[in-house]
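Reviewing the structure listed below.
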């Protein structure tokens, strides 16, 4: 059954071979955006996926649609509108140098879209899950309206909502707002929350900081208390060794149970962007297939780990690649 | 003696090998903008050139400055400001397919700049010529204010002004204005106008259309009558055979004389963008060196022709290359 | 209403910058195949398009599907099967050097497929047109069976058939057969034939060679006489000046009328492959929109001409690009 | 004195920058094949090397020959034949993602070749060593015949045979055979076997699995007992940390002595393919120069380690690079 | 029977996509040199070819050798020596912009080589033809000594000499010499001279300038009179339309007969470098196969024309490509 | 206040993707040279920087100047002269394979320049610091004269000198000289020395080898004793783990104090070239801003570490990137 994803689609432009922008005579072009990345991962794993959104009615919008379609995503409910595509420029780091993003997404056709320009009802018809998140409302009052309209449509059709926190401080800081209040209202609709104790701290105005698993369970329990519709919270923890080497673990909290994976080393990082979205998609893959907490956490961790090794924002990992993860050997598959 | 150029600097992104954007996984990055292109050409020919303007205080602005400096342009009077760089996407055509530009320049740091953010006095100190044109005022009321402030500074310092018409209908159509009135006021300051009979028709509200040289002289004389400061008008005529093959000629009109070149074939076109700016630079190179009308027209034509064969917006043609133009032979120079 | 296309999807591998294979350290990868190219063109023009076929159940098959989907083609009826993808290697020519193709398509998953592995009924449900052609039966007895099964399904569902002759002598020569007999049977089902007087000569065992339009009309009339279901015959004539410069014209014959375009020059050729498929798509675009013979011929000619300027086999020309063709000017579209 | 190598030459196609095939718009092209790789390494180290085999009589075969010749290999005894070149597609892994190979080698001109199409006598005239291995017989009954004919020629000319096990389960599984019986017959001719305890287990139908050096010596002794012509067995052990980081050691067993190196870390892996062939070549380099067991093992280990850092299948390591290995410092050589 | 070629091998570095060096962040690397180019063409056509010369004993020399070997040239008589490889930088022109070469070849290992460092006797053993030319003596007194030693060896072994004039004014101007005297002595050994009426004017101190065929025959006859060993003179005439479009014709003069081809258009020029060497090779191919004057001239013209369409200095045109030239059609070869 | 740097500018040519030169069909082009690299780093950090030197009066010299200018370096005092640019070829290593440099810099326009060809007085006017080093005198007697003239000018203008040892044994070995004597004379002028205990051992003819910090302090004290003008000595220590992983520390010695940093791991090395120059620039950045020993050492270490992750010789690290170093986190900066 279909998963419907909703959000902004972005063009990413990044110099190759770890060049800085100031050195670049060319840039690789990729298509991304948090919800599009989740959509790409679920579609690559074989789930029917529909995307809702707005892209520019120009060749850049055509390019974005081609990327979504290439993954097998149904783009029949992506509206076209005048205006610009949101862009971002990525300088990929290495070793002691962090990756750096220069955003150029303000005023995009998506950010300026009116809720009625998108046929949410059609996009959600017969869907088993609706995936959205915290970037859309961060774009401004129009983004809040879009997010509310999308979730209202899902609620009225009885489609469960997965909300990915994706807190972007810089976007919220660009206009006058109360992010916690806005996000609380949106999370209140969600059955699944992708977010860690920092996201929950922000939502609830409490401080759940600290490293231990106990602290994370406390945060989860507070969120379950605050949001009665919420059934599942999924999150990763990430320790940065260098730009090419991270350590990540995953956990999934339900109301009465939880599962925390071991921390694994992810070395040889090719592209860190979209790894959180791959995690969300892995968890949702488990959920859609009726997996238990451990399965969801491990699928999320595996998909996130694999995404670190693949260029681009999207996650074209197939079921076979995912099944092969962590089988112990990593020699050439012939 | 120094030439000061003023205008917006743009980043250009274009797929290689004549791909369309919808097919592109990467784009070449070049720096351009009409006045920056003129600056690059004059600096490459050995003139001291200063650029005035505003670029973003981010890595894209750094990239733009690096390109200007790489040509030998003094960027000490380019201000940095928050905001985005104007961009455009180019799909290079071939044969029967025209090149196509998708602009994404609205709301740039330059277009939003206040006149006082630029030290026009410093940029113009001791300059022998000030080059600007009709794109800046087309950007909106703030652009008009920038253009007026720049020209006012030149007037007050007694620096002659070269104004390149560069009429961009789409930009003027995007806000409420009377382009002819705005441009007339600006052209009224100019000693040199780069523009053809169509530009003059627009400025004067008359119709000088038609193919003959006589018609062009009529237009020039009308312009000289309307603009008492104007000493020189330079223009090209272009006939399009295919996207890879144009025919161009040049003319320069003074108040009491004119010169019209033969039409030449330009084949093997690699990059048509910036060829008009190269023409302007060739004319100004002649003017700066005290050349007569024929010299100015022929240098303009030669530089324009050569620019068609060089990738990018800018014009890195050296004096030796320019001197070698049209020597009859085009075999390998060993 | 949906157009259903059926045929083999091929991977194309070609050195860039006019290199020969013997010089190549890398090759560009594109997806093609005659019917896939037609599908790409129709989808890019906005028609709903479904593809039927078989691609390998490996990453190369994934790549092929991604390309079809990227154009907006519905691939829900493309079966996956063990076996190889058909490949071909292209050395693009220039000037006096012709382009050269090295085929490596024998024994592909498609060529080995059994008719029952494809759900032709589903692929054709509700379709307004079925597009197929002469390459599939040329692949061998299994290909003949596939072609027959496909057309039988279209007949039984009352979907009109467009058959593109696409005679490939080398494929027919590789096994024991009577191509004319096989093709006659298949063309007998068709309402539309893409093919010129040479194709008709082959089908009917007559000789309609010769240069004039009269000869072509004679051939068409003979075909209409031989194939009572046939309503329309569309063809191009191509004169080769050099590898970068062809002259092409188009004609469409109906039973009682015909239309022949002027011959136009196509210079600056970037990629000649797939231009015949683009022609077919242009004719079908006119047919689907109820255009008259002249419209069909001119759309076919325009789409073919534009395709020569775009890299790859597929034809990602949008409606706006097609509408802009031949408007007289080919200067940069800003 | 000349070394003659015999086997299939393959074209390898792989996306750059760790892309997956589904993301690729181009692939790097390299030439390989186990025995060709050994030949390339020995030739690069300065040994006269002759290659025997069959490549296609098309541009891909030309490309393969150009690569062999470029290394300095004498290709005068490589036959040309109609038919396809064997191909394989490589997706290079990183960190937790293993590299993956998609083979497309069935039905190649080599696999279909008759023994009499190759002048083994000429290729082996005056040779000091004949290198072949277990992939050729795995290709099918024709491959077995080729392998037998090649070894018969070497036997009759008194040229010692080095046989590299190179067991490829997928190839053997594709047709009806008894691999152990076929390989036993071939290994029985060999003076040198490249293969570890797993290869020997397969050959002898015994189980020598286990990690210790003792176990490996037991396997070697069993092989020496079973194959009276065998004088030397060389093998590596590889522990996989990640796709970019392996640990490898080498050992060489003679009838009455053996040598086992330390395990070394190989990090920064650029290309794992062909490293086993580089190992074999290093051992043979030692053998050809009359080195002792330790020298052979250390040269094999060094060449294998260096090959991990070089793109492509072949091993263009020069004598100077090999001599410099492990000198302790790895700073820039100026 | 073997052809032995002798001369300097150069590395060529050139920006791609018609960029200027001042714009380049990378350069394509190719191997060339007039005599190496002839060798590559003859070897690609299937002639056994041996190269004599000196290349650096560093990785650049390895690269040069790999290129020669890749064409199938026997490099067993190329000496290695300390010192640098000669380089040149090429900026490929387009349309009205000529290609430009920046030489950096002074002081190369070849230019500094002593005659005794090359085993001319071995290189020439059993050869049917020796090909050399006028660049080697232009390098300086050491170059003259090399050229003399090489020709002396050929004379003493009775190997006919083909001498390609290849007059390079800049090289001769760099040291104190009398080029006509030096070249006369060398041409006096030759059976075949590649050179036109301008070369002969220089050699003989007469002026044979002028456009007509008659003038060229006069020049040839004067050369035959001056050089009693000379049997054949081959030359091209080239008219430059643009950098991408030349017109060329060929002629071959014998003592009592001559043959002049039609002038043909060569459009779509990809790489003009090495086209004169390809012409020489085509003539020699005819000569080696016992062709008449017309055959030699037409093969030379065909190979030269084809070379214009292939990147690099060398000429990898196969017999099949050469045979296909001018068959009238230039459509895709499938 | 301005820093003036003086030295040779080199072109670097290196295959991408860790290829060897023997495998390369193209090379990346970068501009470097020890003092140019320091200049690039200081200019990128915002210091006014002037460069003095000589580059070729050809397109390669234009390219070099464009790179210097692109960083914001004032090249008004770089002379142009006939002759070649110094080049070097870099094969970047990985893991166990060291990077390798093939120099081709002999006889460059710089190495042949007469001191009077450079206006040192103008280049140093008003400068706060003069940076030069030990490569210029290593080029030969003319280089020694250049170095002496440059330092004499600085002395006479009272500009403090920073001298970077940069001992290149291969250059000194190429001609007859006493490096220690020549360098002692030059270092005697310096206020700042970039060099470690090995450099000091060479200068003083003593042996300060050994690993401990004490030994390094001893060396520094001996240098302070020998060179009364010397105020500061800065050096790094580098331990090589693999080609991609180094450990580095930095120290700065003053006459009465010193500071030694911790050793840090630098992994994910992209380009090791120019990292010593980046260190020098970091130290000088601290010195120019009046920082204490710890600040100088830490800035040097940080800039060196970051440079390892950036392609090319130059160091385009901005103030913001430098400030962000070592802040603990290395996740994506959004």
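Per-chain numbering from 1; labels A, B, C, D, E and F assigned in written order.
What we mean here is this: a contact is a pair of C-beta atoms (placed from the backbone, for glycine too) under 8 Å apart; a residue touches a chain by one contact, two chains touch by 3 or more.
Not measured: the values here are computed from a predicted model.
Using the mean of the Cα atoms as each chain's centre, the chain most removed from chain B is D. The greatest centre-to-centre distance from chain E, using averaged C-alpha positions, is reached by A. Between chain B and chain D, the centres computed from C-alpha atoms are 61 Å apart.
Centre-to-centre separation between chain A and chain D, using Cα means, comes to 45 Å. Chain geometry summary: the mean Cα position of chain B and that of chain F are 40 Å apart. Residue positions of chain A touching 2 or more other chains: 16, 20, 22, 25, 62, 66, 100.
Across the interface of their complex, chain B is touched by residues 62, 65-67, 69-72, 75, 318 of chain F.
Taken in their complex, chain C has these residues touching chain B: 16, 264-270, 305-306, 308-312, 316, 321, 324-326, 329-334.
The part of chain F that touches chain D in the complex is made up of residues 17-20, 22-23, 93-101, 103, 168, 170, 238, 240, 242-245, 272-273.
Touching chain D in their complex are the following residues of chain C: 13, 16, 20-22, 24-30, 58-60, 62-63, 66, 84-85, 87, 89, 91, 100, 102, 104, 106-107.
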